[in-house]
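In structure tokens below, several structures.
Shared chain: chain A. Partners: chain B in the first complex, chain C in the second.
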Partner chain A sequence: MPKQVIFHIDVNSAYLSWEAAYRLQHGAKIDLRNVPSAVGGDSATRHGIILAKSIPAKKFKIKTGETLFSARQKCPTMIIVPPNYELYMKCSNALLKLLKEYSPKIQRFSVDECFMDMTKMDKFWGPPLKVAYEIKERIKKELGFTVSIGISTCKLLAKMASELKKPDGVTTLFLEEIEEKMWPLPVEDLFMVGPATTKKLHSYGIHTIGALAQTDPRFLQNRLKSHGLLIWNYANGRENSPVRENVAFEIKGIGNSTTIAFDIDNLKEAKMVLLSLVETIGGRLRKGGWAARLIAVTFKTSDFRVISHQRKFSTPVDCTNIIYQRVEELFSECWNGEHLRHLGVKVGELCTNDFTQLSLFNWNQERLRKLDKTVDRIRKKYGAKALIRSSFLHSGISPLSGGIIEDYPLMSSIL
Partner chain B sequence: MKVLMHPIEIIAWFTCEGVPRPLRFKILYNNRATVIKVDKVIFKTEEKIAGNKMLIFRCQSVIDGRLRDFELKYEYSTCRWFLYKM
Partner chain C sequence: MKFLVEQNELLGGLQIVQRAISSRSTLPILSGIYLSCEHNILRLRATDLEIGIECTIPVQSEAEGETVLPARYFVEIIKKLPNLPITIEKTDEGIIIIRYGSSEVQLNAFNPEEFPQLPQVEEIHTVTVNADLFINAIKQVSIAASHDISRPIFTGILLEFSDNNILKLVATDTYRLAYREIILPGTLVNNFSCIIPSRALGEIGKIFWSDDNQIEISFADNQVLFKVDSTILVSRLIEGQFPNYNQVIPKDYSSRIRVLTKDLLNSAERASLLARDEFKNRSNVIKLNISGNNLTVTSKSAEVGNLHEELPIYLEGEPAEIAFNARYLIDVLKVIDQEEIHLDLTGSLSPGIIRPAEDKHVLFLVLPIRI
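This part shows the complex of A and B:
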């Protein structure tokens, strides 16, 4: 079998560079990438965290995920711009369109990352390194932002390679180069090694990717189960998943959550927020043709404690009203009147909703399903907020909450 | 030429293929609204910075008795025109 050639294309500080490029196109005098700046939520509605930052902002030790308040304390002159997910989709689509000129096999791994199968493409475009530079320069010139490209024989190494030289770089990381380029890196830089695993690995005296690669796999499997073996293989550059053109993973659950602009201290408002979350979940469930058995409620109190409660019910449902009844039941069992800043609802154990077990106790389920179907059709035709529950009128609470724009590609842990 | 990026009112005609050509536009010049006739389109380019398609027209007109170059931008997604540079 011929050697595979895989490219991993990663947009540098994606949200920020896209915003900067867009602003420059609209006549902005300064380039956000050259000054301390960040993309962040709205602190007035308490969605106030840093989503992406510029390289000059990094000098002030500003980290992704920290609050706007603490970021402003570190750098008072910092420019903070709100996120614009529609722009990000547009940029991502433009990037994909450009890449499609070079290879038909492209996997969009997230909104700002793509894998490209360039196996045997040297016949058309010349050596991989040359074409990678060409792609990088074209993106910079035509789309106005910079990318890092990693080249290797598998997706994992290509992804690791693109991390090596940022911004605006092209790096190779073939199997024979891992000892020199990847093994000296700290173990937490390896894909799939998160904070919890890092802590465990450090306690075993494993601090670099090289040390992980040379550890006995049986030891890792014993301690970390199958995940131990997976990261050992990754540390040795062993990974062989194909570049998937249509990434459609099996959905295991659907969840929605929202941070509220004010602390909730009464049951009525808490229930309304839960209902607004269930409205969107119900719609998403029925759109996918699912019904769910497992229902979970999560909330975060004003002192940042997280409490969740779930239960498996005897019959799967897809009706907004019945899901809400169950959510209400779960919530009243676990809430003791604490002040709430964040609420979430999740459903799981999905099955198709064409033939569902009827329950003796939900005697009006069929009628409710007809009602939901009509509501969904009206919302599809006239917009999500064309039909809302009157209890939300003048309440200041959004009748539908949670979720992001449709088809927004999020990153997955599956390569 | 200086970057201005002022939104403008404009009269343009579109070909059957949907390509516009600017004819005249209105701007505030020396504190009064002035209509400028586009005498000549020197060249036209397309840009897609940040995935946002725009047409750029380098034009020439006589303004206040002087021959001046300027650039107009047309944004596909919003159908808006801008005086980009002058």
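This part shows the complex of A and C:
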């Protein structure tokens, strides 16, 4: 087998730089990347966390995942923009389209990361390093954001390489370079070494990737089972999974939740909030051409206990009313009258919705489908709130609520 | 309590009553089997409060008494003993000693007073059915019962007795429906119906052998009791109104296909392999295209591949095209023991009706998939 050439392309602070590029293209004066800024939930109400931050924001010790409230305390002038998942998907698709010009074999690893198989591509594009710079510059010029590109002979090392120079860098990490470039790094920087493993490795006196690589694999296997062997192989740059071409980039599920501006203590209001969450989810599902088999409800009580309940149904659905009916069922099964602070609905196990399993004793099925279609069309043409359910009038509850969070496949041990 | 019992007889009884024990029970005592010994009869009982099973076996009793033993250990120990007489004795402290040969096992027991009684079934109707017929009917009908506990009615099987001595069994999960009738000998006094959890009926086939001849069924307001010889099973009934199934069974058809059951089953099973993949396609859709004396089965999955098969059939009526969930088709074809079936269709959006070609007493509806 000839030696593989693998590129790993990683968008630098993806959510934030996509938002910044979008704003610049639409006439914004300041580049979000140059000032303390972050992407986070809507802070006009009392909720939200930091999803991504700019490099200047890092100087204020702001961390991904912390609440907007605490971030604001550290840096009162920080600009916080709401997430825009549709934009991210668009940017990700644009990136993929550009990369496809260079290689047909591309694996979208997450919304902001790709692997490219560039084996034998030097015939067309010249040496890997040269084409990597070309790709990086084209993305910067044509798409308006920066990426880091890692080059190696396997996916793992390519990924580790792109981490080495951020932002806007091209780095190689070939097997003969790992001792110099990867081994001095702290062990937690290695792919698949999480906080729990880090703690254990530290307790064995292993603090760097190099130390891990030189540990007796039997010792690691003894302590950490197969995972120990996996990270030992990774530390030594041994990994050989192929670049998997995704037929389509699959989202795993769609979630939507909202923190309510006041605590809810009655079923009627709770149901309305759930309905408003489902309205958004239903529309999003149909827009993507999906139907969901798994439905889950989550809520947080006023004393911050989180309760969730889910069920898998035998047929997938995309109909707002039916999803709501199931959500309502799940909710009433697990709610005991606690005061509610936060409500969420999630759907998963998606499949395409180009088929419908017909059913008996359910004469409305067809009519509901048409209704959904019509509602979607009106909302698309005249705006989301052009058509709302009258039950929300004068209720103080938004008829369509929550910021849709799409659950992209997370990076896993499967490279 | 002290008695002498044959290992195989005791094991037989334990394996029957054990079926009522639910692994999900939250009450510890319900993980036990109740034993009571009286006049050379040992009574065994277990329940999960939804169903209860009781049976008796002959023993030589030396002292009367009762106890509750943890099923997991008790049954496993008895299973591993040689087929010899066993003595079981309760000490004054309530500990159970199982003696075999010159060896013994001591087991800690539950307090028998805490064990629930089986509900008293104050019967309103009693009927007798042929065990073989009844168990077979359950097997066929239960495939259509739902497992979705949010709609309890559909997790049960409807038993409907009508004046011409016909017992009708119906189950549906709204995506398919199974119907079977049994002609009962003798006359019934009243017409009535009830919904029995399909799990309870499933156990019937496992605890009563089909050569058991007759099953006696007694119905009360909210309980039903099945009895063969000394074994009984009591179950609660599902409350509620079963939907009007007659209304949804099409009375006629525009195409009737006669096809070999095995042919269609094998083809559907192969097609199903290519009808789903890990990501995009979880639909399990297979398409049937009928024209002339040919049935074309196709399925495809973008990531895996596709299938195209041709089966010989007899078509009466118009050509047709329809898509089904392969699983639903396979479930039905598996419980039909006749060589040929009829598949009746009216357009691609009406239910398909499947019945054995030579049997008027069984019928399955499978709802199509719109594509």
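Following the convention adopted for this analysis, the second predicted complex is superposed on the first by the 243 of 415 C-alpha atoms of A that agree within 3 Å, B and C clash if a C-alpha of one lies under 4 Å from a C-alpha of the other, contacts with A are read in each partner's own complex, and residues count from 1 in each chain.
By our rule, a residue touches a chain if its C-beta (ideal position, glycine included) is under 8 Å from a C-beta of that chain, and two chains touch if they have at least 3 such contacts.
Note that the structure is predicted; figures quoted are calculated from it, not measured.
Student: Under the stated touch criterion, which partner chain does A:L393 make contact with: chain B (first), chain C (second), both, or neither?
Tutor: After superposing on A, A:L393 lies clear of both chain B and chain C.
Student: Which holds for A:N93: it touches chain B only (first), chain C only (second), both, or neither?
Tutor: A:N93 contacts chain B only, not chain C.
Student: Look at A:F355 in the shared chain and tell me whether it touches chain B only, chain C only, both, or neither; answer first, second, both or neither.
Tutor: So A:F355 only meets chain C here.
Student: By the touch definition at the top of the document, which applies to A:L143: first (chain B), second (chain C), both, or neither?
Tutor: It touches chain B, and chain C stays clear.
Student: Looking at A:A196 after the superposition, I want to know if it touches chain B, chain C, both of them or none. Which is it: first, second, both, neither?
Tutor: In the superposed model, A:A196 contacts neither chain B nor chain C.
Student: So which bits of chain A does chain B touch that chain C touches too?
Tutor: On chain A, no residue contacts both chain B in one structure and chain C in the other.
Student: What residues on chain B touch chain A, complex-wise?
Tutor: These residues of chain B touch chain A: 3-5, 47-52, 54, 82, 84.
Student: Taking the complex as given, what residues does chain A use to touch chain B?
Tutor: Interface residues on the chain A side: 18, 21-22, 24-27, 29, 87, 90-95, 142-145.
Student: Can you list the residues on chain A that touch chain C in the complex?
Tutor: Listed in rising order, the residues of chain A that touch chain C are 247-248, 250, 293, 311, 313-316, 326, 329, 349, 351-352, 354-362.
Student: Please give the residue numbers of chain C that touch chain A in the complex, ascending.
Tutor: 146-148, 150, 172-175, 177, 243, 248, 279-283, 285, 302-303, 323, 325, 349, 351, 365, 367-371
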